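This report refers to the structure that appears directly beneath it.
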Amino acid sequence: MTVVAAQYNRRRPWINPKIKEKLIHGFFFANGMISVLALLGIFALLTMTSIPAFREINIGSFLTGFEWNPTSYVKEQYGIVPMLVSTLMVTVGALLIAIPLGIGTAAYLSDVASPKVREIAKPIVEILAGIPSVVIGFLGIVLVGPILSKIFHTHNGLNAINGSVLLAVMALPTIISISEDALKNVPSSYEQASLALGASKWQTIARVKIPAALSGIIAACMLGMGRAVGETMTVLMATGCAPAMPKSMLGPVRTLTSSIAIELGEVAYNTTHYYALFALGLVLFLITFFINMISDIILHKYEKVNR
Amino acid sequence: MTIATEKNKVQLKSIGFSDRAYGRSVEENKIKIVVEDFNFFYGKTHALKNINMKIRSNAVVGIIGPSGCGKSTFLRCFNRMNDTINNIRYQGDISVDGNNIFDKDLDVVDLRRNVGMVFQKSNPFPKSIFENVAYGLKINGINDKDFIQERVEKSLKDAALWSEIKDRLNESAFSLSGGQQQRLCIARALAVEPEILLLDEPASALDPIATGKIEELIHELKKKYTIVIVTHNMQQAARVSDYTAFFMLGELVEYDFTNKIFTNPLKKITEDYVTGRFG
Amino acid sequence: MKKKSVSQAIGFGLLRFCIIVVLMILVVILYDIFSKGKEAVSWEFLSAMPRNGMTEGGILPAIVGTFLVTVITAILAIPLGMGCAIYLNEYASHGKITRLIRMSIRNLSGVPSIVYGLFGVVLFVQLMKLDTSILASGLTLGLMTLPWTITASEEALKGVPRAYREGSLALGATKWQAIRTNVLPYAIPGMLTGAILGLARAAGETAPILFTGAAFSLPFLPKSLSDQFMALPYHLYIMATQHHAIEKVRPIAYGTALVLIALIFCMNFFAVVLRYKLRKVKVE
């Protein structure tokens, strides 16, 4: 085969083009692997930095201890149960608020809203997602706190409920946008079939579309939960942060994230306390990792079904 | 030039040429492309089944068949455009001028330079008209401005577009009409001087006048190029091609002179198709 | 029939209530910050150093610090994000490794920001000996932003018609030539838009910089990238919870919150305008 292009004055390539293409491919492949490396790196460094903590702390008492008091003069104690309970309390509280609101908003946006309302409302949800957590935490102190203390007659409003409200605000945009996608992906034939059978639009939404999109909605809620569990600044600022076992939703709580944030600033590098904080980080990483994996699996399955 | 022997006469017959077609194609003209026992798979789908076909130089070969019969896939094998799709597999050979295009040492980039392609939907790049035609030259390492200028003009003339647009070379290619855009894409393919031109339903999105211009152009182009054209439109195949291949369900059903296919096909199913009994 | 329409009215009413609550949340947040923050914000507030134990003066060092950290974040996250997206969208086949990469990206975007902070402390501050600095914080934030820039860049690449790639390859372009000359020029604007949105989020993050370089108070501007720095979000945190005269500095906290939100909105707005303009150009 004659290569016509070879007849004219071509720049002589400085490197064999085939090899060059292979190198470029390799370069981008390496680039693509960075995300894998980063995830593995985070996990590896957290694990490696956590391990020294367990030279002095018993893993069993770390996971089941009810007392977290690393700076005690008498006996240092590293039990994470109070933090797990705190995290659970604020997260559940947040989801109780955010899930109904989020699904309702998503259903409204996908099925009820006129295109004009949607045009306006969607960017607003995006703006909500863009507000930094520290600003929301600040409003927890100056706005939500006083209101809560008035309603419940408590000393101040910095408690688990406050944290839940703020985390609900943080989780809402995630839940709304992914649920809305899930609802939009329900084949329109379902909706038409339901309407053709004489169901009202509301019945169609409540009994056909939401159940059909359920796996996507569940994944959305899981992702929202992941955000709530991992959120630091809002809970750090608005939940009072007492390092004891939480007594009620109206009392102060201290989550995994806020414990790390409070104590890491004051601890000397490479002490048992320091390592213990990384162990907290590892626990947090694993919890969010599993939450995200589960939602990922659900989302993936549901994408396949709908394709 | 291949001398006809009894042996390859039989062979050619077996791959779909009738005697008459065989006689002319072998004795008077050089064979440009040979497809031998060619199979193609998308994942597990067997998209092309055991295709055998020879295409002579400076002929226009029309490929017809119902949608999904594999005709576009087949066309995209000649310049290995299917390589861009994941999960595909070939079997058998296609050779151009005696060189197997699936040979490991063959540079697919050289192949594509030599086998131009025009797509179903005109796809001018979002650049100026001039830059569109010059694109193929530039990526092939040519930077002699006068040469590029000259070649762009020649290609546009060959694509019968020059007179219409010579004053607006620097305008966006999107300012052209649909038919002009498609001829621009042809000019773009001609600029790198391929030997073979693959046309994938080049007129399917055009009005009758623009289609007529493209067809006229094809008549002109076959003086210099070997052309394979996939078309949905049987009248078009009848008008522009010298030979016609009828594909169905991934198989080459019949391949002969266009005239023969449309008036006196060997197989019943071909007749049913060309007379519009199914489509 | 009547029962149905009643249930529909109630149902739609509930949905409407949900969206109104969501909108109200945003309105309340913005109203509170703007109404109380605007009194604090003045030219002096934006351009002066903090004075008197941060009870007076401005927040210039925090603005500059946030700007510098965001630049470092961009330098790390944008090229890597683009490269990774190019691999995924242009080169990768549908194999196990690609699935692994995609799974990693999704998981990275779910890693809590405080965990990025811990990672930054070990890797950048200690192992790489960058100490607590702008550089360490910027790199930590860059890593956190990476999954967002990858996703945004991939979206932009997906927006470039397949025909541009095929047309280019059919003319004898190598794969990289096709990408460089006929894909990237049309994708880069979209990539940048997505990247700016990601950077806006990074600029508002506090947890990753808590231990990697943000400083309580520095009444001067950073001289080099290995200095500690003040940052708007961290400054707000300090002003809201850690200051010795919390009630007295509340206006400053509000002002800082307003400046932070305004900065993020400006970045978002810029990104949206960029997207809008480029979309228009494309249509022409």
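First chain written, first letter: the chains are A, B and C, and each begins at residue 1.
By definition in this document, contacts are C-beta pairs under 8 Å (C-beta built on N, C-alpha and C of every residue); 3 or more make two chains touch, one makes a residue touch a chain.
Owing to the predicted nature of the structure, the values given are computational and were not obtained by experimental measurement.
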* Structure fact -> Contacts shared by chain A with chain B include exactly C
* Asked: Taking every chain's C-alpha mean, which one sits closest to the mean of all protein C-alpha atoms?
  -> C
* Asked: So how far apart, in whole Å, are chain A and chain B when each is placed at the average of its C-alpha atoms?
  -> 53
* Structure fact -> Whole-Å distance, C-alpha centre of chain A to that of chain C, is 16
* **Distance between chain centroids, defined by C-alpha means - chain B, chain C (Å)** => 50
* Structure fact -> Listed in rising order, chain C residues that touch 2 or more other chains are 172, 174
* At which residue positions does chain A touch at least two other chains? -> 5, 17
* Touching two or more other chains - residues of chain B -> 109-110, 113-114, 140, 192
* **Touching residues (chain side chain C, partner chain A) in the complex** => 4-5, 7-8, 11-12, 14-19, 21-23, 25-26, 28-29, 32-33, 80, 83-84, 86-88, 90-92, 100-101, 103-108, 110-119, 121-123, 126, 143, 146-147, 150, 172, 174-176, 200-201, 204-207, 210-211, 233-234, 236-237, 240-241, 250, 253, 257, 260-261, 264-265, 268
* Structure fact -> In the complex, chain C touches chain B at residues 93-94, 161, 163-174, 177, 181-182, 186, 282, 284
* Within the complex, which stretch of chain A touches chain C? -> 5, 17, 20-21, 24-25, 27-29, 31-36, 38-39, 41-42, 45-46, 49, 100-105, 107-109, 112-113, 121, 124-125, 127-128, 130-139, 141-143, 169, 172, 176, 200-203, 205-206, 223, 226-227, 229-233, 236-237, 257, 260-261, 264-265, 269, 277-278, 281, 284-285, 288-289, 291-293, 296
* Asked: Which of the residues in chain B end up touching chain C in this complex?
  -> 79, 81, 84, 86-87, 109-110, 112-114, 116-117, 119, 121, 123, 125-126, 135-136, 138-140, 172, 174, 185, 188-189, 192
